[in-house]
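In this document, chain identifiers A, B, C, D, E and F correspond to the written order of the chains, with residue numbering beginning at 1 in each.
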């Protein structure tokens, strides 16, 4: 298992860089993960997406479907890609500390 | 050919096909009149204008090195004005306008190991998938089985000696990334043991609701292990489909001794005569026996031969079996009929025989 | 890269025999590529172990796209470090899989620079598959591909690369321009192809006639199958030639095999009751010089085929019995739009559109997308009396 | 004939049929050679011995008074040696050995109002059920509809002028106490509003788990009303089948305005030529319009006539429609096709058309 | 009882017309019976109200029996007191529905004494139905019936009155003795008929040949359909007579309609490929003097048909493709016993055996009752790969 | 709705004599109901059946299937009919104060 450094924290991540210790996620970790996904700094809009994803996940145990993400956050899909160039699944979910979305490949 | 940084383009789509069409096609596009199969592997299409296009079809293993692609490019330059195409079943076709080039091209292809054939009532390339070459889900290898089977059936690729087209497909797991569900003969890799759950890893890696929902038979339910949410699998309800595995990386299925292949028959997709049909189970299980899968090869060959001997002209596998009836198919092919052959999924009852229409003298 | 060569006695067996050998291909690639060499090595290992050594799918990609690359890692990277990452790149093929030698070579150039040199020509969905590369190579591959005029195909819950038979390019039976339509749809739906936003994947396949040479009825969420509405075209002289030519026994080979029993042959005259013909193509297939599809051509639009997971395999079902298909294909696009909208809004995660329709009921689905129900959509009306009447209270 | 107290016997079963067989049948039992239909309603069976038995078949309304049974007994004494039988479709057959008695018997039956016919390619008695005469579940009357329809179709009972046998059935609710699910034409009474629950009575009268389990669509769930356990019905999920009503007396369904009849076609049970088939929906709803149900009568008559005009000899309704296709049936019979015709129950998807086999010129 | 006569203008309409009138029957009965008169009255009420006036089923019966009587009460007893109780009594008919005039009269006597005088000849399941009586009459009816040699039929979760076509009594096509078998089974299973102990009802119908003149395949949990294993018997002279007689066009009416396409007619000779014949009866039906079922006769045993509630209607499915049927029918009884045992033990409340088999799977069902699976049991093998292998761990 | 007298209690019953006020059932009521079903006195064996039925009903909300009743009480079906001549449904269930079994007619 690979490791990932966020400040002074060291987290286990899988090959794709998804963290494996969801409890250790915090805002700093998010920022560090974000930089790996081509996001230099997390703006308010980034946080809107990230927080939405986390809340949804904690509530339902799954990541929301993308259409729902767009609808509920008000961002169009291309705007999500502008925020997270690697996209909602690989980018936003990773930053939000969710498990790796699967199946849809 | 150095890698230079280029401006990033997106959403340009594939090249327009017109760029790649030979002049004869551009000229006669949509104006073809009729065709014939000049000889196995060689189609002649005649346009309203009188123009003739010869397509020479050669086998490929689908898994091709760039070296081979370059060879094909070279052959196309030499014999077909630089024009070639691939078929929907992974054969390559050289688009020849100069009739005299046909024989030299065929000869050259043969020498290079890419024999010509697969047209008309023959066995053409096997549609197949990744297997152990690339996929995480594979219960068998794809390329190895295909190669072994086609080596054995090869005469039927080069000759058009069957009652009708015979289409074979291979898929390495129940996801069926190929037309396995609708082929004259299908080989399907499958698991036969319930998955194992890594309870330590699952809570970190999986969406539990997605995993629970993934099971066609409802064999998965949430469970707490060591204080953490995970799932358990009710083994008696599991028929090893691997869908939970697909959605959850903390689940594993591969089992060297219990994975293997099943054989299916009688599917088709064309609307010719009979409507499209699904493939039906012929042999529930044969072992994985690399590198040559002798049991699978023998089973497929036997079915092809029984079909070739008994079917009428133009009768696809499924049409033939429908005419003679499944009881006779099982007897002719000497395959035992077992309870595994009887459907027990959602629509099973639709396939019970609900009439007294029975052929009571199956040996006739 | 000779140091990468490993002993592969099992695979070597598969170099023998008349059928082209994928092992030969892998060895050819392995001569130039360490990745290909390790791919060979790990495959030999699988042949010994009888299990695959690839780990559960990864998630990698290029910027701005949500699909097109399948991530892959092996479970014994210590033994096969050069395939520790072994992703495939799906490249959108040109419609009908036509190439020039130059185009092929250009693809080879890119792939030899950045990957294993192994390909699938083509993947089951229709893409050019570049088999095996590492994450850092993805961006360079992408930019060089686009520079060469190619783009990525689909993966994930998006529209997948549409594909089609060669149609009008070569086949006299094409009832509409399969390649033209495929190109048009692919371009029109670039966003849906590259940025997954559906409940699940969506595949489109276009066949020029009912022979369905791209297996669209079994392997596409949207199956477009060419057909005609008027009479089969008949060349009487050619019929006579067939009859005397000795190759075709019209009574036995054609008439007796017509599924709708709508043909008649008295030894001299062939007649067709076109009103009862189900457009199966058989008679035309057997006598291509004598018979041809009618002139009033278009396509039957079917929806929903897929492999078995999760509710069992489906074939596509008739949505529009007959549709004229001419650029800019507005009717078709409107239909696609309406279906995507409904399925997108109400489909469950990982629910293909065919399963969705069965869940909500075809009647309700039609009502929602604004299509009139017609009896051509079913093989028979319902047999059970469980009818949801819309009665006002 | 006084009622005397008799010793209680049980489990004696029905009388042995032999007691009731005429001598000619006893003698030739199992030794019949062939038969023919002498004229409508009269069968002649010839035994190996050469003996001839004439069966004269007369219509009955099924619902018979003892007065009529006594009449039949008298007629049997007079014309058929006291021997008669009923058929599986509620006609009465007089078993005549003396050929000369046939015509007088027929004449007498006619006078009494029990006309002779129903053999061969005709319309025989309608299999039917209780309706408002006796059943709690009925969404329409049985006897009234049957009488009205048969009055109209009567010529087809007396003449053998149809392409093949045409069998009609009636059932007054979805329980289908008759062969409604497998008849050439079926008339089925049905409700069209969700049931009402009497919450005060339910807890006293019903097993709640049984009631919940009774619903094919899962529209019923337990609920507490005024502190008592009862059930609620999710109206959108209800398709008015009445099964909950069957198991729970505190549920009611009848609705004068919304109850009525539906028409189904193309079922059969014999194995002759085509396997047995279910009836398929033709007309989703027609109103209850007693005493003569004109809408139902007209609809059935129309279908009979379209069939009579278009079907080929020996073609049962379902076989004919299968040959011409459902689209043409709907057009010929001038019946609108609606979303109600499209199945949406469990196996619905099995009946979507999954091919390009379409007749594109339906008017031909 | 003229005081009981009520005005029935709607029903009076139904006395008109050529078809025998049930209203006439009811009026005849009403002349003698107040119950019948009120039955007429309440029916007229229904014709006005367009709803039935019978309350939810009652539960009444005779001592020692659990079935045979259907309790019925009306919801307006104040208006129709003589049908406040209006139960039906199901009387087990003699096999094949044969009667003598005396037997009929005896039944009339009993019923006029104790009931409305209204009957159904017969109920859908096959019973003689005595339509309408009061609870106190039940025991007297029962004892007089048994005295006359009759017994009650079934109702509730029991075996129902078996029924059959007239078979060998009159029909040359009977492949076994339908009436003999029906009587034997009825007597053998008296306990199961009279004392409900199954999960739900169980019906038996016996047809002598595939024409299935008792609709057994659609209306019986156990459908017994006569058939034969050897060649169709052919009388060549009679075939020739058919051909010349002009009534039958052998090519068109017979050969072309053979569902298995196993017949051939060259204008002179009729030949049958008996190995491919599905025993449909059509050719025999059309030429009863020329053709007949073979000599090696028996029956196909099918199981599970029923009306739609709850999983949708079912036709019976093949359980034994061919069984010789000769008294004492031990093989058949053994099969019935094994099926009842399994279904009785594991069937759910109100689950017919046909639904039970679908729920547990035919393969498992066969295994449990000890029958070998044969391909004749299905129209095709499974198409989905969801196979429960029995692999030892 | 009809009435039924058990000693000094008056209970509502339906046309078939099934009590409509399950809470009012007691042993006396049972005995009174029994006499209407041809059972003069309730023996130990009667009570075994009655108690079994009541317990089962209170636990599961439904009457047991007859096969189960026989198995669990040890009585053969004919023995049940000997105890309750009108049978397990009409007889025993009525005495036990259960709702009227339906559907199985």
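Keep this in mind: contacts are C-beta pairs under 8 Å (C-beta built on N, C-alpha and C of every residue); 3 or more make two chains touch, one makes a residue touch a chain.
Predicted model, so just to flag it, every value in this text is computed and none were measured.
S.K.: How short can a chain-to-chain path be from chain A to chain E, counted in steps between touching chains?
M.R.: 2
S.K.: Going by the stated contact rule, which chains contact chain B and chain E alike?
M.R.: C, D
S.K.: Could you run down the chains that neighbour chain A and chain F together?
M.R.: Chains in contact with chain A as well as chain F: not a single one.
S.K.: Go ahead and align chain B to its copy chain D using Cα positions, then give the rotation in degrees, nearest 5.
M.R.: The C-alpha superposition of chain B onto chain D needs 180 degrees.
S.K.: Shared interface numbers for chain C and chain E above half of all numbers used, same, or below, different?
M.R.: Same: when the shared numbers are divided by all numbers used, the fraction is over half.
S.K.: Suppose chain centres are the mean of their C-alpha atoms. Which chain sits farthest from chain B?
M.R.: If we average the C-alpha coordinates per chain, F ends up farthest from chain B.
S.K.: Could you compare the number of C-beta pairs in contact for A-C with that for B-C and name the larger?
M.R.: Of A-C and B-C, it is B-C that has more C-beta pairs in contact.
S.K.: Return the distance between the CA-based centres of chain E and chain F, expressed in whole Å.
M.R.: The computed centroid separation for chain E versus chain F comes out at 33 Å.
S.K.: Counting in whole Å, what is the centre-to-centre distance of chain D and chain F, each centre being its mean C-alpha position?
M.R.: Measuring from centre to centre gives 38 Å for this pair.
S.K.: Determine the centre-to-centre distance between chain D and chain E, using the mean Cα coordinates as centres, and give it in whole Å.
M.R.: 12
S.K.: Roughly how far is chain C from chain F, centre to centre by C-alpha average, rounded to an integer in Å?
M.R.: Centres of chain C and chain F (C-alpha means) sit 66 Å apart.
S.K.: Of all the residues in chain E, which ones touch at least 2 other chains?
M.R.: Within chain E, residues 55-57, 63-65, 70, 191, 210, 212, 217, 225, 259, 278-280, 308, 312-313, 315, 349-350, 383-386 contact more than one other chain.
S.K.: Show the residues in chain F shared as contacts by 2 or more other chains, in ascending order.
M.R.: 62, 100-103, in rising order.
S.K.: Could you check chain D for residues that touch two or more other chains and list them?
M.R.: Chain D, residues with two or more chain partners: 174, 176, 181, 210, 214, 216, 241, 246-247, 249, 271, 275-276, 278, 345-347, 354-357.
S.K.: Select the category (line, ring, star, complete, other) that matches the graph of chains linked by touching.
M.R.: Looks like something else, not a line, ring, star or complete graph.
S.K.: Where do chains touch, given as pairs?
M.R.: Contacting pairs: A-B, A-C, B-C, B-D, B-E, C-D, C-E, D-E, D-F, E-F.
S.K.: Which bits of chain D are touching chain E when the two form their complex?
M.R.: Interface residues on the chain D side: 1, 3, 5-6, 8-17, 19-21, 25, 29-30, 32-36, 45, 53, 55, 59-70, 72-74, 76-77, 82-88, 90, 92, 113-115, 127, 129, 131-138, 141, 143-144, 147-148, 150-151, 154, 157, 174-182, 210, 213-214, 216, 241, 243, 245-247, 249, 254-257, 259, 269-276, 278, 288, 290-292, 313-314, 345-347.
S.K.: Quick check: in the complex, which residue numbers of chain D touch chain F?
M.R.: For this pair, the touching residues of chain D are 201, 203-210, 214, 246-249.
S.K.: For the complex, which residues does chain C have touching chain D?
M.R.: 210, 212, 217, 225, 227-230, 259-261, 273-280, 300, 302, 305, 314-318, 321-322, 354, 357-358, 361-364, 366-367, 373-389, 391, 393
S.K.: Mind listing the chain F positions that touch chain E in their complex?
M.R.: 15-16, 18, 38, 62, 65-67, 70, 77-78, 81, 85-90, 100-105
S.K.: In their shared complex, at which residues does chain D touch chain C?
M.R.: These residues of chain D touch chain C: 174, 176, 181, 188, 190, 192-193, 216-217, 239-241, 258, 262, 266, 278-282, 284-285, 323-327, 329-330, 337-345, 348-349, 351-364.
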